[in-house]
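Okay, got some structures for you below.
There are two complexes below, and they share chain A, which is joined by chain B in the first and by chain C in the second.
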Partner chain A sequence: MPQDSAISAQPRTLPSSIGAIRAIFGSGAVIAAILYLVMFVLYLALLPGARSYSHFQDQLANSLPLALAAVGGTFVVLTRGFDLSVAGVVSLANVLVATYSMKGTTGILLAALMVCAVGLVVGAVNGILIAYLRLQPIACTLATMIITSGIALLIMDAPGGNVPSAIGNLLFERFGPLSMPMITVGVVILLWAVIRRTDWGVGLYAVGADETASRLAGIATASVKVRAYCVAGMFYGLAGLALSSITVSGDPTAGNSFLLQVFAAIAIGGTSFAGGRGGVVGTILGALVLMLVQKLLFSLGVSSFYTGIGQGVLMIAAVLVGAFSAHIAKSNNT
Partner chain B sequence: MQGEPADLVRDESAPAELLLRVQSLRKSYGPTVALEDVSFDIAPGEIHALLGENGAGKSTIVKLLNGIVQPDQGTMHLGEAPYHPHSISVARQHGVSTAFQELSLLPNLTVSSNLMLPHAKKGRFGMISERQNLEAAEALLTEFGVTDVDPRSLVANLPLASRQRIEIVRALAQRPRLLVLDEPTAALAEPEWLFGLLERVTARRTAVIYISHRLSEVRRLCSRGTVLRNGCSIGTVPLRDVADSKIFEMMVGLSQRNTARSTVAAKQAKPSLQLQNVSGRNVRDVSLTVHDGEILGVAALEGQGQRELFRILAGLEKLEDGQVTTSGTPAKLANPKEALRAGIGFLPEERKTEGIFAGLRTASNISIAIAGKISKLGFIGTQSERRAVADIAAQLDLPVRFQNRAIEALSGGNQQKALLARVMVSGARHLVLYDPTRGVDVGTKQTIYANIRRFVENGGCALVYSTELAELVQLCDRCVVLYGGRVAAVYDGHEIQEERLVAAVTGHGEH
Partner chain C sequence: MKGGIPVCSDRKLSPAEAPATARESTPSFLSTDLGKSVVLIALALLMLFAGRLVSPSLGGLNQISAVLVLSSFLIVVAFGQQMVVLIGGLDLSIPSMITLGGLLAFAWTPHGVGELLLVALAVMAVTGAVGMISGLGVTLLAIPPFIMTLSMGIIIYSACLGATRGTPRGQGSETIEALFSGRFLGIPLIILLVAVLAALAILLQSRTTFGRFLYATGTNRQAAYIAGLPVRRMTVATYACSGAAAGLCGLLLVGFSGGATLTMGQSYLLPSIAAVVVGGTAITGGRGSFLSVLAAALLITTFTTVISSIQIEEGWRTILYGAVVLIAILAMRDGTTPLTWRLLPLLRGNKKQQST
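On to the complex of A and B.
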């Protein structure tokens, strides 16, 4: 607190070990991890049938589309932005994959390139409108969501199409004990570790915390934001590809259910919508928690009408715990 | 320096070699003219003061020098070459760096990350190397004599004084040709640290623009100073040969210092707003009394508890201990509604975020305080609103044509008048005004002073905090000085003099 300082004598800086502990508990990833473990134990306890490694792999595969989309959203939310275009981009990527994909490994690569390109274009449009023309993120990305959903309907006006088997098998490939989703998550986390150690990675947090101060500190704030929306768009596209691998068909409204779940995953993962706090690892855990709850309730025979209630309650709990631990991390440090 | 005490209005003895030459700069934001005509120059190795009241244009000059905004007219030269930065990074490339008044540190990053912004040290594969950044930060902190700050700590965990030092170190780390310091000592406990550094950098022929409201500091450091008033540079003077009063005169203008003080003998009047042993966050045991018909000033440097004290009175901050009495009855101040009921009218610090309702018409912004009184069956007619607002708006020189405009389209001064009008029509008897003339022009200031005076003469009272000591000297019947959250001094009538206040706010007052 700035006001405290002028009054109290200058306190020495905290020993860094205490700072590190506070940093850990202040970051939402830990809360999401604990939540995931608790849910996972509960899941295994209640569902004996789920106690197999392959079941775990399937669950991971089913969570991957949401996880990828939410990872993309995290970049935007860290800069204190908001991105609704995820719903449209996921749908668009899904119908594109179900309409234009080729067979074999080349087909997979081309499909991945295609969805990334589409996401990149949408993200660039979002980013430029928001960062340079200063449109409000919600209004702007709502518009691009509507546009991309519309294009998805133009390409495919009803669910259908089909996805080449190479893509259909993609998420269920095994490499010894590892599966494709595990490798994907590993690569994403590695990528995130690298990004955090770039000027752009630092810039994401800086811009999210205080855009004016960031500009005064010499950060090219607009470019940081544009890149965040671009990377987000590419992740949405990849999420659409992953979804196609699971559903093996196209659906022009496939992305709609992602819209709110993405933000739920981000919130559970401890990324603050006020910007500048959180990260991708928490978001991935958040997505896993959400899908686990959904599966658990479904397996217990609870009507799907209750799934939303369960997920919502969980989200409030996670955000509460997150706010509480952030408060603890902040207090007592004058 | 080579200052001959010749002509005060334009210093003819300008140094032979110049680092920065600023000529006839003009900058306006929509209808608000921030700078009208500013010219000055600086020699290498010189510490040059920019002097002026709030709103005189100092911060706009800082923005122009840093490329944050571009001038409408006028030229700048750095060395021999024209200097037209269009962004802060271009300014840095030209060797201009700034320690900003509002501090440009990111609270969620460590000290070392902040010092390295925007480009951190890279290790293998072009990735940021934490270790190299720490070493570089450590080296900078040692070089510039900041030994008690761990570069690994988050800026959010540092006290304001340390943050201010980090901000200055970061500006120095650019090895600038021109260093701009905007109120660098506002939060510093030991300004000697800065003075030592300045000696070192000026020895390397770095020029420094020094902006401070502490005239004693300015006199000690600067050889010349440029006085600004209302967006115009009034003149550059060699500071050694000019009396304080002359500088103030240039800053304020001759005609401005004659608002009559209250003739009411305050001692005989009834206490109107009374604080007894009030404590809260950053506020320690404050007792003071404002009488009917009296304007009581509060003088303090940044962060001495004045903000919290005013917010306690407005019901926005917790009153932890003590008693507040309004018109003889104890007041409960748990929330703003109760403060209103106790007759306290609060003018907040942040006009934009805490004051105006952007999007509403000016008239509605004023009448909202009495919406309950002028509404019929829950609806407010345009006519009744206009009638309710007309008188107070006329008193405050707020033209009728402005009343139907959205308030954010008005200049800062007119917005402030509208907010003051809102407080005054609300029926409050005790005005609690936090920096009521912040960022408004001189003419508007006079209107605001006159209206506060008229308000108290009609039986109210006013507690006024101002960042400008000269303003308190002019306006107040009595003045208390806060230091470290406590009342450090009280001055009465003609005892209120700027020199005394300056000493007292910095903790050197006679107690």
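On to the complex of A and C.
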């Protein structure tokens, strides 16, 4: 609610500590965080074997590709856009890393540059077609998704390839108590905290809330949108890199399973598909929740056939709780 | 398109014409729904005959008939998807609904025409009811359509998976298969069936009160509500329509392939959206007609058929498919005029709009 919207970029006094927490994370993120904590405690209670720090780290590493892709999607959804190209770009980045990357630390850096560049190009095409040629976001990104998965198929027509061990170990690297996924998530959240305070960050919320009003207020709406798609593309590329680090191989259809999960993570994280409300922190938590729920249902002894039912119900419930709390926040403010 | 009042107040205006009035700046034949469809079908035919250059077996009458048969599935699901999109929603549960419909038809195995009708109605009733649940979630609980149908899709798929333990049980039905093998006056029965259904769908959109309400609600929900239209019931009905259409598609697929699998619906989600947007339907709702979506479905199926018979890498096929979708939506974005005529004034027009 207002805490998340563009207006909140202005400093304002909030009545309570709850208000302060909301101001930092946005109400959607708080719900996702509570959901995650409850599920995590349940998970630990049910599965004693999971009570170790390294298990938590592994779990974080496994959730990272989805989290990164969903963070990218959040930028677009905030502008009331829609980006299906995530599936294509993740696949493309995955096969690129599995085909062309070099050994060693420079290999990691070059691979990161490569996937970012690919994502940037696809994002720029999406953004320009949508913002300047006024194509419908779903239609346009559907086409670019198909094209990018075609390019992925050209590079690698069947699963295979090899990922250098430096990249394979990337996500499981430890720096004292910290691991690479933790650092990545931390950096993303810090970046987001900065971006939110820039003109572009405020513009994202403004364009999503009301594009016409934003344009009249002097925001360069088209450029805000193009940049949103570009940044989103880069995150998809990084998600593809993270995925390659986990699977240690290439698969031209690797990204397909991301398509719907990305939107599920965004929804659980409290970002509104009507635009202008939500944020990146919630999305990361949403991705964590989504990955944890599968494990939780499994450890509850639910047949793996039925885990989808749990996931579906959870998504609906998360959105309902989010809408309900937003409603309360609204009625408290007025 | 923001003001929906003219649609509601001018009772004489038929809903198919109402959206067209918004585009009066280009009052040519090509900008009408009929014109769009003619262009799309002409493109499909052109593609089919161009394919003959590459592979001599393409382009004959038999080939046209085969493409029509193949496109019947997409036409049926695209109808449901378009109904939901017209009201401003999106149905992502279509693949699971197709699977559900297919599994039911496979399990119930109709013998004879009477049973087939009964089974078809039963399948559509079940999938329609599931669609109705999505609709209720969207209207009563105000859950975004996207999330609601995505969740329902996951839930239904999971339920199908759990109920069948991964291996669907049943028998292929020779009665459903007869739809594909049987002919009437030399035309495959399935083509006649889809033609009748399509005619009904077009009549539903353009000649009924329901159709008029649909466009009014899609154009401006608030205005439609204030004007006293049953907005909620309409919304639930469109999701039920989509569910029923997907269920019917599942049943037809069982007849076509002689069996049901859990993944039978998966390849229809993106094409259904592609057919709707290539057919010029606004994803924000209120604009578009089934005639051009049908033509778009034909074009997409023709394209995939032609391209699969050409000896090139799978990657190039996919890229070409994406390129065709992209070009089609660029060309259809505002009336059908060739892309080259469009691009220049388009760029200028945008600059003008931005400076205001």
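Convention: the second predicted complex is superposed on the first by the 298 of 334 C-alpha atoms of A that agree within 3 Å, B and C clash if a C-alpha of one lies under 4 Å from a C-alpha of the other, contacts with A are read in each partner's own complex, and residues count from 1 in each chain.
Please note the rule applied: a residue touches a chain if its C-beta (ideal position, glycine included) is under 8 Å from a C-beta of that chain, and two chains touch if they have at least 3 such contacts.
All values reported here derive from a predicted model rather than from experimental measurement.
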For this session: Figure out whether A:V281 sits in contact with chain B (first) or chain C (second), or with both, or with neither.
Result: neither
For this session: Based on the superposed arrangement, let me know which partner A:F273 touches: chain B (first), chain C (second), both, or neither?
Result: second
Problem set entry | chain B versus chain C as contact partner of A:R215, first or second or both or neither | both
For this session: Please work out whether A:A242 is in contact with chain B alone, chain C alone, both, or neither, and reply first, second, both or neither.
Result: neither
For this session: Look at A:V194 in the shared chain and tell me whether it touches chain B only, chain C only, both, or neither; answer first, second, both or neither.
Result: first
Problem set entry | Touching partner for A:Y306 - first (chain B), second (chain C), both, neither | second
Exercise. Which partner does A:V202 contact after superposing on A: first (chain B), second (chain C), both, neither?
Worked result: first
Exercise. Once the two structures are fitted together, what part of chain A is touched by chain B and by chain C alike?
Worked result: 215
Seminar exercise, completed: Within the complex, chain C is touched by chain A residues 129, 132-140, 142-155, 157, 215, 222, 252, 260, 263-264, 267, 272-274, 303, 305-309, 311-313, 315-316, 319-320, 323
For this session: Would you pull the chain C residues touching chain A in the complex into a rising list?
Result: 90, 92, 137, 141-144, 146-148, 150-155, 157-159, 161-162, 165-166, 270, 273-274, 277-278, 282-284, 313-323, 325-326, 329-330, 333, 346-347, 350, 354
Problem set entry | Touching residues on chain B, where the partner in the complex is chain A | 66, 68, 88-89, 92, 98, 100, 102-109, 113-114, 117-120, 126-130, 148-150, 152-154, 156-163, 170, 187, 189, 281-282, 301-305, 307-308, 484-485
Seminar exercise, completed: Seen from chain A, its contact residues with chain B in the complex are 2-8, 10-14, 16, 19, 194, 197-199, 201-203, 205-206, 208-210, 212-220, 276-277, 330, 333-334
